[in-house]
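Next up: the structures, one after another.
The following pair of complexes shares a single chain, chain A, combined with chain B in the former and chain C in the latter.
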Partner chain A sequence: MSQPSTESSYDIRYELKSSINKAAFYFIISAITWLTLSSLFAVIGGIKFINPDFLSAYEGFTFGRIQAMLNSTLIMGWCSNAIFAVAFWIMARLSSTSIKHGGILLIAGVIWNIALTLGLIGIFIGDLTAFAWMEFPSYTSGIFLLAYTLIAVWGIVAYFNKENDYSYASQWYILGGLLWFPWIFVIGQFFLNWFPVRGVLQSIIHAWYINNIFYLWLCPIALGACYYFIPKLSSTPIRSYHMSALAFWSFVLFASWSGMSYLIGAPVPVWLTTTSIVFAIALVIPALIFYVNLIGTAFVNPNQLKNKLALKFITFGSVAFIVHLFIKMVLTFSSIDSVAHFTMIYEAHHWQLIYGFFSMIFFGAFYYLVPTLLNHSFKSYFLPNLNFLLSALGIIILLIALYVGGWQQGTQYNTAEISFLEIANNLTLWMQLKLAGLIILFIANVLFAFNLSTLLLCKLLDALPNFSNDKLNQNT
Partner chain B sequence: MTQENKKEENSNELHDEAIQEIHQNLIENKELPKEGFSFLPIALIFLFAGVCFWGGIHIVTQGGEFRWDGYHPDFAEKHNAVAIPEKSLFEIGEKVFLAQCAQCHQNNGLGVAGVYPPLVRSSWVLDHQEVLARILINGMNGKVIVLGKTYNGNMPAFGPSGLNLKPKQIAGVLTYIRQEWGNTGSEVTEETMKNYMAMYNARTTPWTAEELYVDISPEPVAPVIESNPESTDENNSLDTHDEGDNTDSSHSSLIISDKEQS
Partner chain C sequence: MKHFSVLLFGIFIVLTSSFLGLISSSLNQLGNLKQSTESLELNDAGEPTLVEGDPLYPMKLSGLSEQGHQEYIQLGCVNCHSQQVRREELGKDLERGFGQRVSVPRDYIMQSNVLLGFSRIGPDLSSVGARKNDINWHLLHLYNPQITSPGSLMPPFPFLFEAVEISETIATDNALVFPENSEYSPKEGIAIIPTKRAIALVEYLINLDINYNLPEAVVTKNDTGE
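Right, the complex of A and B next:
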């Protein structure tokens, strides 16, 4: 933003702007668009739980397809585009280099979004697959992969072109995430869509896929953003930074092994679930280190937290993440699992990760990144702060509805005297609360899109005369 | 919260160069030891060790032994507890009979006319368990009349002086021949057989037809209840059968009555 401290930092920023400016804005705009669309799908899905007849005249708007479109737009639309925008920028800044070939990046980004659009149309007309979180039809997976290769390679190249001879925690996470995603994606597509395996092996691979998409694709990048933004915005070095390497390796190892805890009680060889339970519990180690590293750092100067919008979002996200990890551990206890399995608690758990953690971190990142890229800050912080309040309120209401409602659902499932229909009826209150949460989130997301796009428009309007002046100067 | 807020938002914020500098400092100069010690790293080491310890035990006890067919956390416990289903005496006897006896007495138990006597409906087989047991343990030679025909063969011993079969195996064979091919004799239990073997193992000469019915004890009606668990275990696990142990240990009233008689 204003007053660059040294000449060199200005240069870096200038070079960055020139090389990936357009691509970065493209990813930011598409991420925001998909986010708005996804929360619309979420609201439609939420209404269907209260009024099943809503929009049910059209096959494409039935609940299964709406849910599939919601998942796809969240993961492949909002999350992935946001990752491409923010992760590359952090990578370039920390490597003191620039992302090269912005043109290819832009084209690849267009291809990615075409694949997603095709996928959504495919889901709408009924080509969806049967696997949650990878419902987009298999014919789009090749396009995703092509686009991803063209995009990710430049982030990895930036890391290996770094000018300093050390690496920073953010870079480990981002590099890791960029390298792990294609592996997870290809394994999932290969064994579930292209050459489907048979029997329970499908469930095993599916559980592995969901777990790793969350913990080895969304989490590392969001953690990388935390490790970058928290010390930067709170002007405090990371507390106990020397433990971050342990946190990185233990998180990656334990989280990737903990996926089969979704399958507790399923007819799969029990060693799979048992080892997953052990590794899920072992997540306590990285969780504690994250707590010290991230939250400990953010709360060193509580004043900063009050005044800095981006830091508010990111601290909220970090807290949500630590809580998420502890809930993950608790959910593996067999006494808890016997109630929580097959209930809305798992849905809540996913929402907590995707919205409570990932999205909040990236809202913060966007609120920092967009003004920086535009070199133009908000006139008023009222609406962005309102966005934070609404997002926080919405996700908290949503999580309360799903966790508490899910627990009630689970205990009633385990009571033989209560019929299934009664259980469904008893959930009405929680479903209404869930819908309220989803509507608040929808408003928050629209506000988010509005805030950033007004900033963009203001900048464009401001820039217009300058632009013509520049042209004039060049011509004369 | 407009302009002021904005100022605050932008002020005292680390630039990337500063981050990198601080980072380098952190890497080069690890935190100097302060007074006291940092609680977390030590706690973390203990926690890590604790998680590893618990995890190892949990995987071993609840991991289904890493088998593809272990589907329940209790698998290891239950799997090891399940004993291999025991074969019935009849099945054991069938196996031994087909391997040892069927060459002479034939699979159908009819023997070979004039050479090997038949077992089907033979009173020697169906009559008294002890007679049959004597023949099996010590063998038999000399003339014998079976179903009206005279045979003069040489039945080998299957007790310790001959093939040295275990009591259970001999009991199995006896049960088999008394119950197969339409024969309807009683079952010869392992316990009964042990008693007989204790009585006749010492004998080295084969029996003759005349001797067989001399000095026989009353036939046990039901399986002898007073069993000796030690000797049962021994027979399940060990190949060699220890006679001394058997003779010393308590037996049914059979032996006592027999000794009183003689």
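Right, the complex of A and C next:
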């Protein structure tokens, strides 16, 4: 089960010399730390649905705040730091240039994490906002923005200074994501926190914000990684690559317009939701192209898929993503929505995107990137493979619990004779299954952190004796 | 660099178009909603105008309610409770008595933060004040939901209350009244009194009520469905 690095020795030297290296490790370590913390929050939240009394005496641990801290650590902690680590590396590789000013990148990364820490403390003491997925207090938003500007500009500069004339699908997605994020972020903060608009306009902007953070920030970068790693790891060119431009433009345009489907039935103008439903259904076009481009390529070489850990993660993530898009379409049908709205199905849908798709892609990317950057491969692939199995098992159990439990919740809700208390009590089994899934994910995430940090430690320990020998030789 | 500018232009158009199409146009449509009387009358020129002297709806929140609204946000209640009544064909909101009519955009214009919500682990709270206006019930329910709703998944909020020894120096006339023989009752000589925060939150909850008429939304259901 060895996994020979496909990098030539030139590439490795190039990587080790490049100034981005320290910053890349900083982002990788931050991402892993926030991921572990977020899954701890998820487990605490899961226990509260079985025993509401758990930790209830402490205000900071009340369910609403745990959920807010979970969302913030996921989006601003794990996802963003992972993006900074991987997106820059891909951008530099494909542009055949190096990311300059690694020092500024490092400082900006520290500022970003300070903002997030401040945000979490703020949520803990009760400064959270009223808006899901952007609960971090508004006084941190300026710091996030400052840090982001200092970080993102180097990725964009790398593309601008690229030394070859080609541009690859990966680069479009990453450039798009890097440019869209600050814009979405500012619009959300401006209209909801700095100068709040009135009435349901807040909900409209909130729905637009969540949708765009998911589909124009997390998705493009993860898709960029897919378009980079799948052909590289399966040693096959992307199937029907000529379709990828159509997939890119149709996906980002339709996905950005499809955000109001969160508001079906809400007190907003009906034309808004209708427009978004049309665009959500139109997502079938990019979804089919992604299927051919990504899944089609990954399965060309089944041997590679079996032997390469990173490819396993990334293929799992791609499948989860395409299923996610189809579920998004189905959820806009009004007969389905009348059952699914307000149930755990939406929670499942978000988990599927953030963990099933995004995190799996980035686990794969990290398992490729860290050994490459360190020039030191895993001695045994047992634990990394176990990580894959646990992550896959955990997310599948979690999704089954939330989708099936959510559907039961919705049908019982629509039977007016069943009281709310009964509905809640009938969810016990699914809540237990959900907790089981979350615990497995927690173990998988800890294992992920363990695997990568032992690799880092092994590398350091290997370097240590050489260093002391040199010293001894010098002294004698 | 031709490619770069085309790409940048496209990236710009994608987000601008969805911003203009979805947000600017709804700002335009909904940005000028004002309070209204329950019905309108025609003036001399034949245009509908407000009835003079009638109360305006939705009403402005009182200072205490507004504090309660902030508590609601701070405790993250929105994670499990929605505040919207959907149309009949989209679920049993009306039948379950969440409101006597569907909610409309005008209902929300006086709120500093709109909490439509996205999940219903607990019931909708659009008109919770009309369903339950017993302050003691709400306080008990916040102190520990198991007292009023055994088996509820809602967390208790004991930190919104203080346990004090009953004595002549401390006023305990607003202490919680527990049901007889409740296993959650405090020990003899101890009273559970709500803090200002709990009082504000309950004030907010019992004032949540959309069972008034608006020109575009008339109350259609009269039984509360309880």
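As a working rule, the second predicted complex is superposed on the first by the 448 of 476 C-alpha atoms of A that agree within 3 Å, B and C clash if a C-alpha of one lies under 4 Å from a C-alpha of the other, contacts with A are read in each partner's own complex, and residues count from 1 in each chain.
Just so we're on the same page, a residue touches a chain if its C-beta (ideal position, glycine included) is under 8 Å from a C-beta of that chain, and two chains touch if they have at least 3 such contacts.
The shown structure was predicted, so the numbers you read here are calculated from the model rather than taken from an experiment.
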Joint occupancy of chain A by chain B and chain C, clash or fit: fit
Touched partner set for A:Pro267, first chain B, second chain C, both or neither: both
Contacts of A:Leu118 with chain B and chain C, given as first, second, both or neither: neither
First (chain B), second (chain C), both or neither touched by A:Arg93: first
Touching partner for A:Ser334 - first (chain B), second (chain C), both, neither: both
In the superposition, chain B vs chain C on chain A residues touched: C
Partner chain(s) touched by A:Thr129 [first = chain B, second = chain C, both, neither]: second
Which superposed partner A:Tyr381 touches (first chain B, second chain C, both, neither): first
First (chain B), second (chain C), both or neither touched by A:Thr275: both
Contacts of A:Leu145 with chain B and chain C, given as first, second, both or neither: neither
Contacts of A:Ile285 with chain B and chain C, given as first, second, both or neither: first
Lowest inter-chain C-alpha distance for chain C and chain B in the superposed arrangement, angstrom: 5
Touching both chain B and chain C, residues of chain A: 267-269, 275, 334
Partner chain C, residues of chain A touching it in the complex: 48-49, 52-53, 56-59, 62-65, 67-68, 126-132, 135, 159-160, 167, 172, 175-176, 179-180, 183-184, 187, 191, 196-205, 208, 212, 216, 249, 252-253, 256-257, 259-260, 262-269, 272, 275-276, 334, 337-338, 341-344, 346-347, 413-416, 420-421, 424-425, 427
Residues on chain B engaged by chain A in the complex (per definition of touch): 1-2, 5-6, 8-10, 12-20, 22-24, 26-27, 30-31, 38, 40-41, 44, 47-48, 51-52, 54-55, 58-59, 62-73, 75
Chain A contact footprint on chain C (complex, rising order): 3-4, 7-8, 10-11, 14-15, 17-19, 21-23, 26-27, 29-31, 33, 73-80, 82, 84, 86-87, 89-92, 95-96, 102-109, 111-123, 145, 149-159, 225
In the complex with chain B, residue positions of chain A that touch it: 1-2, 4-6, 8-9, 12, 93-94, 96, 164, 166, 168, 228, 231-233, 235, 237-238, 240-243, 267-271, 274-275, 277-279, 281-282, 284-285, 288-289, 292, 304, 307-309, 334, 377-382, 385
